[in-house]
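The data blocks that follow each hold one structure.
Okay, so chain A shows up in both of these, paired with chain B first and chain C after.
Now for the complex of A and B:
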């Protein structure tokens, strides 16, 4: 399943939010992917999450499959829509 | 066979020890492969290096937190997080097991690939992160190759009977400021690097930590091998490799004499900063974080002549709030008590200090670009937040505000206007501050030095920033070791500007200080005292030495010297004059 979120953080997805995304994704056994502009990135790697280069206003689709997928998608989505990075 | 290399003096003192070459830094990297049978052992070695790296990062982070350097600590927390990243560590491990790379090649290649991916994203913040990835990769590579290095060092030590103690001399292409800040005095005696200048951040940190260091030695540094006996003469900028017995004995004697000298300086910890003929000046410290203030006081500083506030803005995702800044400034003021002068410089971002947060564009000439007050005046909300925080701190001590990189009267007046607005806002909100807080400017651009007479009518004080003043006057990049002879404040052109600025301030009854590296230089002190400088701001570690020297100087007599150095052909002549007139100085330089 997948859900799309809009990045609200004015400085985009930088160190702290990226780390929170990785932490959330790692709690899930299967793959968690971030999709932006047709490219997919693993949400379990800080390097990959950073290289999405997500800026405020970007739409990011979070993809995961299987049991608990919705919970992890919502957890990652919650970071994407955070206004402040801490 | 003994060899002597000449570099740029970065931090004075004598260090004697065995070379520890940071091989991953200094040698151009080529991929080396291993035998298939070795892969498993190599991977295990790699895993061990990764976990040691994690322990190192954790130790650095803990120490920084203890020192109150939360933002610096966060850099290393992010590094630790990268160490857990599959894209970096997992991919590197796979290069060992699947492609038979050796561990060092595997981590360096992977880090390079990852850094390229991040560097390609159009975002200055991510470009910065790619440097972090490389840094983490190098840390692991160093641990992998360091095993050999430590062995070689121990063998050499056993051969020499361990006469020099077991602290190492680090030999590296360059050390980043964070690497320098992480140096441990119990294992490292000093360092020498191939690149860098005397005013690089690493050199400044080396001085405040008391590590003898020579930088800008160039390619010949590659001649040094792990475990060779090395002497670093930080004051003279010399590195001696495998010195003969006579040289070793001489340097050991000098090192113990310096230890004795140090005790003599310490005796001046609590004495007044007064010349032999009773002229009192201020000896204060330059600091880069609020946690440094306590240290500075312990080392004898009477106050703070330069609080570099940009460090509050670096290594973070959001701008520091007014409250956060106020807390930092108040902490410094309270560390010293009500009367001690605390000069807070508004942020100097740009130049060599990038701030990813502001998303500044890359410039061809950052030192001549959009930096410091030029950004502040362009972004009044950012600037006023800082001004309000400084004003609020002025209710807690003798706080003064200082603007960096002022080139014109108009810039000063605009900054002053914004300060008045900030005062107005605080008054309306009923928040206390000192309405007559002194406000001054840095003189670091030759244009400001030439206009000092007019600027002096309006400001409360000047502080001469010699690092930039020299760089701009001599048109010589201070980071370029090839130009280090131009980066010398003793060039009469620079001395004339300094003399002019001091005279201009005094003609208007204003005080003038200096917060560049020159202020802590024993050779410069007699000249500056003779010119009438009122305040000397230096690394905290130099304060007692300056006070010791000051007590031996007679200002009346030095006025002639101060005039004489303006009327020479070059820097060497000016220095020779000082050494002739003030022989006491030769004991400590």
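Now for the complex of A and C:
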């Protein structure tokens, strides 16, 4: 299963949101992948998530399979569309 | 010490440790004192922070640049054990959009302990209104059994400001 999200955060997916994505993905036993421009990255590694280099306005597809896949995709997607405020 | 451990510690399985040298000169502070709840509440992983006295970020061990953020304010250094260490210069400094940060390495580069990684203009960051306190955290803490932290003032490359005890076996 997969869903596509648009990054809303003005500063993109930098260290803090990347970490939130890893936290969300780790709750799932199977693979959780982020796809951008035909390349796939594990959502369970901070280095890999940062490697996506996701900027505001980028479309990122989240891929997972099996029981609970939709929940983890939605949890990761919620971070992708989050706008940080502080 | 390490050598003696290796020579005389035979028999039992020993926990491997990774010692992290100070990537900046300054004052070590607990993560809890970092003015960002993602770091202060430990969500970003275990570690410590340095209130920097100088702006040259150096490699904390021999390793590889896992990722250098394109705005130059943060870097992940990978140790041969697989340990990933995030060095995040300042708080919310992503908003500087690279201003005040001069990266000296690129993602994928091999680095030696003490090698300069990023040149930071601390004054410029302070003037822009950001804290320069620099959290240093283990990004893949699943590998770590525990992390010990030193405290007080440290020189650049001071040894073992953090000692990471890796989980054995796997």
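Just so it is clear, the second predicted complex is superposed on the first by the 84 of 86 C-alpha atoms of A that agree within 3 Å, B and C clash if a C-alpha of one lies under 4 Å from a C-alpha of the other, contacts with A are read in each partner's own complex, and residues count from 1 in each chain.
Heads up, the rule we're going with is that a residue touches a chain if its C-beta (ideal position, glycine included) is under 8 Å from a C-beta of that chain, and two chains touch if they have at least 3 such contacts.
Given the structure is predicted, the values throughout are model-derived calculations rather than measurements.
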{"item": "Which superposed partner A:1 touches (first chain B, second chain C, both, neither)", "value": "neither"}
{"item": "Touched partner set for A:46, first chain B, second chain C, both or neither", "value": "both"}
{"item": "Touch count on chain A, higher of chain B and chain C", "value": "B"}
{"item": "Touched partner set for A:71, first chain B, second chain C, both or neither", "value": "neither"}
{"item": "Touched partner set for A:15, first chain B, second chain C, both or neither", "value": "both"}
{"item": "Residues of chain A at both interfaces, chain B in one complex, chain C in the other", "value": "11-12, 14-16, 19, 45-47, 50-51, 53, 86"}
{"item": "Complex interface listing, chain A residues touching chain B", "value": "11-12, 14-17, 19, 22, 42, 44-48, 50-51, 53, 55, 84-86"}
{"item": "Residues of chain A defined as touching chain C within the complex", "value": "11-12, 14-16, 19-20, 23, 45-47, 50-51, 53, 86"}
{"item": "Complex contacts: residues of chain C adjacent to chain A", "value": "36, 38, 43-45, 66-67, 69-71, 74, 76, 78, 84, 86, 88, 92, 94-95, 107, 139-140"}
{"item": "Chain A contact footprint on chain B (complex, rising order)", "value": "74, 78, 81-82, 85-88, 114, 117-118, 121-123, 125-126, 129, 133, 317-318, 357"}
